[in-house]
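Supplied in structure tokens, the structure appears directly below.
Every chain is named by a letter (A, B and C) in the order it is written, and numbering of its residues begins at 1.
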Amino acid sequence: MKTAQEIADYVGGTLHGDGGVEIRSVGSLERATTGALAYAEATYLSQVARTHASCILIPEGEVPQRTVIVVDNPRVAFARAAQLLVSPTMPSPGIHETAVVAPNATIGTDVSLGAWTVVEAGAIIGDGTTIFPGGYIGASCRIGTQCVLYPKVVLYPDTTIGDRVIMHAGVVIGADGFGFVFDGKRHVKIPQVGNVRIESDAEIGANSCIDRGAFDETVIEDGVKIDNLCQIAHNVQIGTHAIISSQTGVAGSSTIGREAVIGGQVGIADACHIDDHAMVGAQCGVPSRKRIPAGEIYWGTPARPLKNIKIQQAHVSRLPKIAEEVKRLRIELDALKAKLE
Amino acid sequence: MKTAQEIADYVGGTLHGDGGVEIRSVGSLERATTGALAYAEATYLSQVARTHASCILIPEGEVPQRTVIVVDNPRVAFARAAQLLVSPTMPSPGIHETAVVAPNATIGTDVSLGAWTVVEAGAIIGDGTTIFPGGYIGASCRIGTQCVLYPKVVLYPDTTIGDRVIMHAGVVIGADGFGFVFDGKRHVKIPQVGNVRIESDAEIGANSCIDRGAFDETVIEDGVKIDNLCQIAHNVQIGTHAIISSQTGVAGSSTIGREAVIGGQVGIADACHIDDHAMVGAQCGVPSRKRIPAGEIYWGTPARPLKNIKIQQAHVSRLPKIAEEVKRLRIELDALKAKLE
Amino acid sequence: MKTAQEIADYVGGTLHGDGGVEIRSVGSLERATTGALAYAEATYLSQVARTHASCILIPEGEVPQRTVIVVDNPRVAFARAAQLLVSPTMPSPGIHETAVVAPNATIGTDVSLGAWTVVEAGAIIGDGTTIFPGGYIGASCRIGTQCVLYPKVVLYPDTTIGDRVIMHAGVVIGADGFGFVFDGKRHVKIPQVGNVRIESDAEIGANSCIDRGAFDETVIEDGVKIDNLCQIAHNVQIGTHAIISSQTGVAGSSTIGREAVIGGQVGIADACHIDDHAMVGAQCGVPSRKRIPAGEIYWGTPARPLKNIKIQQAHVSRLPKIAEEVKRLRIELDALKAKLE
């Protein structure tokens, strides 16, 4: 529990109304109940009068007759305040009696290892990290501090994880890349001897897979957020604070720049380069070796600049009219020719 | 084992032939062997003569010289009879000695908890429910009666499940929704404090993911069937008896109406509304905030009514001919102009 | 460790330079370090001079002044040599004390069963097979020799696996196919009583799902390679040495021929036939009951021969010009008509 004034201080906003009001939870404007903090962006200010929330974060401007906190960016302030108010309950530190930990693994202080976790030889787990039941930490993995691995995360050997990384249930890091060469009779497996390095503050969604490099590293940089059921292939590099939405696949050796935003169900073929701050729309298909320039928005399959795609779609939808006009031109031209003969 | 007569009685059909014939299994017309029940729809009646099945469910009409059961809908009758004949073997009730059950969890009668299952504090598991090895039931989850959770299903805290729900291996329910806000430097996580509610008779396919609501519930209503590797985002609502085929993704806050049918690999962006009985074709991409009206069939990316898409595709495939004709028009018109000058 | 000469002998190549040089690892031309083997295909021979690799596999032709091995196909030779040099470390044989093995299961010699593995009644596990922690082997499963099942693989009952099969973490084999029939009120489940058979030398990627047949078998033949997060539905048959790339889905009863190559995120609807050696491009959508002839390359949604798609795309991108020309024709024709009146 915090008071409205404490929240205002925490997010650096200006309180109007009753600073002593008690805030216990968070909610949306429409559904928040007494004791909850909500937020309103400019276009939703009309809803502030009707919400049951006890305190609302609002942008600069007119101040309603309620307990509100005026901030620069209500959504950012809300996210921060919410972290203060409602962080998820974590298991207590301690190693469950059923955990199987190799003698030469290194377990930091305040680590929680849940039931049926396995920590293989040479692995290092940093202070304050929580591994839920059923986690598998392969040999020589290194996990930083304050990470949370939800149930049944699998790290293959030699995976490196930074600090404060969150991995949801069923994530698989470091499986073999899909590397074969056909010898005329069968596919010969190319041993995948690289590894995966995930930097700090990354979050990986449930059942997503990040394959180990063929020889080198697959790299997920600081603050990257990957949604559920994504596939990141061998040797991919994803830059700082990039966003990868659900069910997207990135094929071998492609790179994604910092703060790039990739929509859902996108397919990025091998050896592509999505430059910094580029945006790739949902279901887009980026063909092999394509570069998407910094800051550009691409869409469609094969991927093209969004504005080109929109022009093309407009032309295609006018096609029936063009076909009609071509028919009329033919008739009129034939009539003219007949007349002249 | 049942006799043909017992099956006829069970499905409410009319037996012709030998009612005492023994039926032990089910099969397709082509491959069924002695002792099996098969079914034939109108167009496949010619195959009835050749099948090795011992009894065949057939529709009203001509009755062949075999042991058959005449029913209104052979496929429905077959599904019901098959459930009678060949329900999968379930583990015996009982709590495996390796299960880790919190002292204040509530376990109903005839519950089976397999090896290495974890049931956290305050969870409630209803009578007759089976949880296969490696299941993880988070704190305060409530599971109804007669459910089957195949190996390694993970329920995050506060998940609510109705009765007779089936979840296949690797399903993850209640992971955090993909909610972040960029503060200019980094993505700030918006704590996901809602939960997931799944009503009765739902079935969820292997390795599918259903995220918890941001503040409220993600809801899967009665009888919804979700195939493998699907992604259901935070705050989605899926109506009664809807069908979601494999590898489909539904983004945040979208709703899907009752008895809607969504094909495979469909992407539904955020805040869409697929109304009751609508159908969305495979690989369709439904853009943000789009509504698909009740009963309509949509296809393509961006999603449009199927008939429009077909007309457009026809025009596109006639494009080469239109281009030719435009060229000819130019030549003829130029010739005409030259002649007139 | 091997000497360059030993590697040359193993791959059947001709050594030039110092046959005694010691090789301990593998790498790419760009990043290999001392002690590593690399390979160069014709177009990259210029890089051979600059690599730090201690030995390079090269094709016939000019021989540089370095330790090299001349072979027919450097990439194939490299894959073979890499297998010799760097095969992944496997757990020692033995049954972990926490494994739960049914009394009538049959465990071969030199089998490794990791912590928290479950082997149900009647299952048979062949010699030299490794099952990592958390594996679940259902009743009556048969697994051949020298297989590797990475952590948390789930085999439903009656699954049959050949020899030397590799399954990555989170794979689910044999879950129920998505089979329901709507009785006007609800979906009635059609019991899925078939099974899955996977032949020798197959490899299945992380979190992929292969459903059991409805009545018969789902079959994955010898040497098939399936990438991560793929969905293979009930009764599918995939022919010898076919390749299925990541996130692809194959719907019920479709067949894929031998050595066919399916790109990433492809959707193959039900009852399709992809014939031998056919190639299906990434994100392609193959509609129900479609046949793709042997050796053909298809792309797009709906799938068509690649050359047709390319012609069509070219026409579509010329559309703005066609529209312009039609406009000009109209103006000129109208002018001509005015003049003639």
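Keep this in mind: a residue touches a chain if its C-beta (ideal position, glycine included) is under 8 Å from a C-beta of that chain, and two chains touch if they have at least 3 such contacts.
Not measured: the values here are computed from a predicted model.
Student: By the document's touch definition, which label belongs to this structure's chain graph: line, ring, star, complete, or other?
Tutor: complete
Student: If more than half of the interface residue numbers appear on both sides, call it same; otherwise different. Which is it for chain A and chain B?
Tutor: Under half shared, hence different.
Student: Taking each chain's centre as its mean C-alpha position, how far apart are chain A and chain B in Å?
Tutor: Their C-alpha centroids are separated by 26 Å.
Student: Mind pulling the chain A residues that touch 2 or more other chains?
Tutor: 98, 116, 134, 152, 170, 207, 229, 247, 265, 283, 316, 319, 322, 326, 329, 333, 336, 340
Student: Mind listing the chain B positions that touch chain A in their complex?
Tutor: Residues 98, 100, 116, 118, 134, 136, 139, 152, 154, 156-157, 170, 172, 175-176, 178, 180-183, 186-191, 193, 207, 209, 211, 214-216, 229, 231, 233, 247, 249, 251, 265, 267, 269, 283, 285, 287, 301, 311-312, 315-316, 318-319, 322, 325-326, 329, 332-333, 336, 339-340 of chain B touch chain A in their complex.
Student: List the residues on chain B that touch chain C in their complex, please.
Tutor: Against chain C, the touching part of chain B is residues 25-28, 31-32, 73, 75-76, 78-80, 82-83, 85-89, 96, 98, 114-116, 132-134, 150-152, 166, 168-170, 201, 203, 205-207, 223, 225, 227-229, 241, 243, 245-247, 264-265, 282-283, 316-317, 319-320, 322-323, 326, 329-330, 333, 336-337, 340.
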